[in-house]
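After this come two complexes, each holding subunit A, first together with subunit B and then together with subunit C.
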Partner chain A sequence: MAAAGASGGQTIGRSSFSRVAVSTAASSSTSAGVKLGPNGATFVSSGIPDLDRILGGGFLLGSVVMVMEDSDAPHHLLLLRSFMAQGVVHKQPLLFAGPMKEPRLFLGTLPAPVASSKEDGRQRVMGAGTSSDGRTSDEALRIAWQYKKYFGEDKTSHAEHKDNKQEFSNDFDLRKPLERHLLSSQNIECISTQDGDTLGELQDRCSTFLSKHLRKDGGNLIAGRIAIQSLCAPQCGYFEKDWDMVSFIRSLKAMVRSSNAVAVITFPNAILSSSFCKRWQHLADTLLSIKAIPDEDKDLAKLLTGYQDMVGFLHVHKVAQTNSQVPVILEASTFSLKLRKRRSLVLERLNQAPVDGSAGPSHAASASCSSSSQGSQLDF
Partner chain B sequence: MAEAAVRYLRDGRLEGEHAPALSVSGSLQCCPLAARAMLHVTAALASQAASGKSQARGLVIVAFDRSPEVYLDFMRRRGLDPNTFNRCVRILDCYSDPIGWKQKIQSQQHQESSVEPCSMDKENVTIFRSVKDVDKLMCSIIDLGRGFEGEGKIYFTIAIESISSMLKHASVSSISGLLSNLRSHDQTSSIFWLIHSDLHEPKFSRAFECLSTMVASVEPAVVDSVYEEEIPGNMSFLEKNYSNAKFYVRLKRRNGRVKHLYEELCVEGNDVKFISSPSVSAEVNQNLLPKVGLYISSSI
Partner chain C sequence: MEEYGGGNLLSEAMGSGPRVVVVEDCVEAPAAFVLHLLLKRALAGGGAVALLALAQPFSHYDRVLRKMGCNLSLHRKNGRLHFFDLQAFPGGPKGGAISDAFFRLYGDIQRVVDANRIAEHAGQFTVMIDDVSLLEVAAHGSVDDVLDFLHYCVTLTSEMNCSLVVLIHEDIYSSEGVGLLLHLRYIADLVIRAAPLSTGLAIDVHGQVSSFPLLVALANIITRIGVLHL
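After this line comes the complex of A and B, so read on.
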């Protein structure tokens, strides 16, 4: 009875309940790149496998994901690029809107998927277990407070899961651009938000895109992606029309909810007034934020392990949930962004050194408190 | 550090990226010092361009706040001779007659346009009379930049002084559009501007910070902790704040990390000096550190 509990691989406990393993095999009515989840949820990948895992499967179809940018760091572009590249690789229809004269040029910066190799597989299994320079002997003495690093990652046989994972989500090599022939497909559209004074044109384009490509009748489930960069950027003509922007997001949310699409919107929240910022945050189904990290900061280097490799922080404020009253509560909501081998993006939980090494039982508290204290001090 | 800022702008843009942009912002209490810092950076970049050490061949100054002679004067005192000045610097004069009224008045009165106020040689000064038309302003800036001589691809640096004056005539979105278009223009090596952050809504000042890759803020040296501003009538405060200020630089690096630098700015006569002061940088770090100790004690 005790052993029966571990069938899903999700619980290590001893209960007689067993979690039904989520079927990751693509059924005949779904296409590649779409995964079914509990409660009738359908997921598409965000392009970053770690983020999919953190959000419980990926981006929920029919939801609006909003990312709060940090004006000091361009990491929201990494998220957007991975999201768009994943859609292109899976041949899903894509609409991109950006505050530049030539949004098509942004497509040239999309990364190509990493050619999978055994070494990558091994790296994944080891995960955050070893520090980047492999100083495990040093770490051995401080392992007690870093115990969370060694649990929680996928302990089940990684090889078989890897194949399924490759179909659903890819690791992207940020140094290699995506092949041109993939980008010249018919179902990739671009629109510039810099011209024009109103959001009417963008709204019309979104609605035609959604009705053209995605109908919820029978047949193959094609998932669509809408990516909007810096919706309230100062160079957009509608920048000062706060209420227009809010009603655009509301109507986009309604359009997306009744279609098989995910919309990812990034916005520099420092530019909005605080009351409107609250409204935007409230409208999001999934809310993430990026925070820049100061360079060559000795104090942070002492407090955080792996500080040298970090390029920023990602904070998860809200995760979309459908057909359920149960909210998603994450164990940790602040993650560090790292570039593994300088090419693929990984998200790791923060491992914060205890200030006072002698405090025993408070380490567990500190691991979770640290993420919230990080949050409050660093103004997430 | 001011030298770091100048070097960063001097090195210019990399292939495939937008030009680096520096935003110098000052509050009203120390706005003359912010303007001086801006002048210092302008002169430094002009001399770098003149000696061929920078990616840019020349500097285009879009002058809203000062008359062109001020620049010539300052740079001459810095050691840049007038010939080099003419070769490497072009000034778009938006100060003398920004909306074309003087011209209208003169033509209405049918007076012969007698000697122009600036009697210096005008080959590198172009008077611009329609500052409300941001597209025309952009074309004029680019035309001036293309006018520099040299072989191969000609890069130029743009200095805008100041954005606060531009905002009197045009909207935030049109000026932001201008700045981002200039940054993405393939002949721009770097761009920097001055903004008085107190004069605008905080979200507009932040919008311009968003557009930059490096932010230098000039803050008053002495601030009264009780009133958080100068005690009126107290001369020592005024004197200190008119000649000293704190110069914070926030550099957004390409890998997404932010470098914080700090110096003290001293103005003595016509000279602007920057003194590095490592002791205060710890203060900057203190604010960024999460106060873990506090939380642990309260959770036990």
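After this line comes the complex of A and C, so read on.
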């Protein structure tokens, strides 16, 4: 009997065992928005499909993601908003803490998912091979000096798995706000970190949030999200209590580890002393940093293609690898943040512009691999 | 294959039986894997281990070591692995209670070491701390408490035939508070440091590990063992 069952779907004799076909979609024991990975890992989407792909699946449940802000520009809010909006769309419990009087108002800035259209589908299938205009007729005539773009990473999988991808992660339209009725749900909580001069209240709220929402009931995996904006910002009541803040992160990490939640914390690292900044970085499971691009930098424009569309740089310092000591190997760790059609966020690898032949030896000497720093602006 | 290479280098470094081993790392090149290797080595050699885990829960170590061929759950059941889950240490109200908490923790460790010494097939005992920087956070910045605790652990090494392995993040101390790091380096018999490659990123070499056995002599001889490939 057992042998018949193990032979993969063949029923021999009177055996009623047959192997269940494994579907590529999320299995029945997980709810929408949660994906299973190797080593017992479960992922939720970050809200940016490109980032999910770069991190090897998404944000790991039970991990802490930290994003180092750029004090010149609020691009970290793009990441935070996408993260929160993704959770709301999937009806996952969300806890938001921010250094403002009315954190509820921040929810009004969350983007709505893009209504999927055929054109977007076509764009996805092309991958990064096309220019932002979608002109494909010129492909054959192009000199393939940027061949990396055409080899692509996931080209084959796009068509078949598009539906699955939509279930797991959404593209967000940054120009459209999320529908009101989604935001009035019961499991969205907001806290202001401006009140009070200790982190005790925030810690208690996180603790009750995690224990209330995230018990694994009846086999349905509910993933929770905690989003904390600018944890060490000057307007916070507990500002300058360095040890308190590190202790909070440490206990939050311990709480999150034993629950089905992801915590995303953004912080302006320039405000912390370098020693504490390193402590925060060590505590992170996944560490990202955002850097703004100066508007009219001629040197960068010469060095990189598509400079005009770029909004900033995203650098991946660490990727969560719970339960495994094999690190996630990234092909590149610095990506450009672009707004495609001024509404959805994409992350692209940096591509060097062709070196101008007349520029002489200085350009050739300074040209380097896309994964290493290319100048003072890109030094992280 | 890489396992073998790593094992040989580590065996060479550990061959002289260092009592106090300090493992240093930084954000770019984490050295948790060195702890995993040393943990496996300690248990494989028939000894017992007390693991003070502040960074990760038991399930993480269990999974990682299982892939390396070492069953931590079994060792824990047999009493060869004493796992101290210190993720929430010290817990409770702060204040003068920190030194009490450390005192109690040390008492627990000492009991465990004693019990192992009396036991029949008493092998080498190892106390492993992952990591000291979090111990400092748990002590709310009180370096004195941390140093006292570490000194107590070091006395165990001389009196009860056990060794101490400690992980510390050296880049935290590069600008301030360097006292703790220097102190640890001073009392160490062996320092293992993981660092990123000076040339930058590379596809399959993530960093380099150097080990420095320190002889208690007027001239410190620093030997560079080699490059460890992951």
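One rule holds in what follows: the second predicted complex is superposed on the first by the 318 of 380 C-alpha atoms of A that agree within 3 Å, B and C clash if a C-alpha of one lies under 4 Å from a C-alpha of the other, contacts with A are read in each partner's own complex, and residues count from 1 in each chain.
By our rule, a contact is a pair of C-beta atoms (placed from the backbone, for glycine too) under 8 Å apart; a residue touches a chain by one contact, two chains touch by 3 or more.
In this text the structure is predicted, and so the values were computed from the model without any measurement.
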Discussion item. Under the stated touch criterion, which partner chain does A:183 make contact with: subunit B (first), subunit C (second), both, or neither?
Written reply: neither
Worksheet item: Once the shared chain is lined up, is A:275 touching subunit B (first), subunit C (second), both, or neither of them?
Response: second
Practice prompt. Would you check which partner chain A:39 touches, where first means subunit B only, second means subunit C only, and both and neither mean what they say?
Written response: second
Practice prompt. Look at A:235 in the shared chain and tell me whether it touches subunit B only, subunit C only, both, or neither; answer first, second, both or neither.
Written response: first
Item to complete: Mind working out whether A:114 is in touch with subunit B, subunit C, both or neither, as first, second, both or neither?
Response: neither
Worksheet item: When both complexes are superposed, which of subunit B and subunit C contacts more residues belonging to subunit A?
Response: B
Worksheet item: Is A:323 touching the first partner subunit B, the second partner subunit C, both, or neither of them?
Response: second
Practice prompt. Under the contact definition given at the top, report the residues of subunit A touching subunit B in one complex and subunit C in the other.
Written response: 273, 372
Worksheet entry | Of all residues in subunit A, those that touch subunit B in their complex | 71-75, 99-101, 194, 233-240, 268, 270-273, 292-300, 303, 311-312, 337, 352, 354-356, 359, 362, 365-366, 369-370, 372-374, 376-378
Practice prompt. Please give the residue numbers of subunit B that touch subunit A in the complex, ascending.
Written response: 171-173, 176-177, 179-181, 184, 203-204, 206-211, 250, 252-253, 255-260, 285, 288-296, 299-300
Discussion item. Could you list, by residue number, the parts of subunit A that touch subunit C in their complex?
Written reply: 39-40, 242-243, 246-247, 250-251, 253-254, 257-258, 273-275, 278-279, 281-282, 287, 317-318, 322-325, 327, 329, 333, 371-372
Practice prompt. Note which residues of subunit C are touching subunit A in the complex, please.
Written response: 26-28, 30, 32-33, 36, 56-57, 59-60, 63-64, 67, 87-88, 133-134, 137-138, 140-141, 169, 171-177, 200-201, 203-204, 206, 230
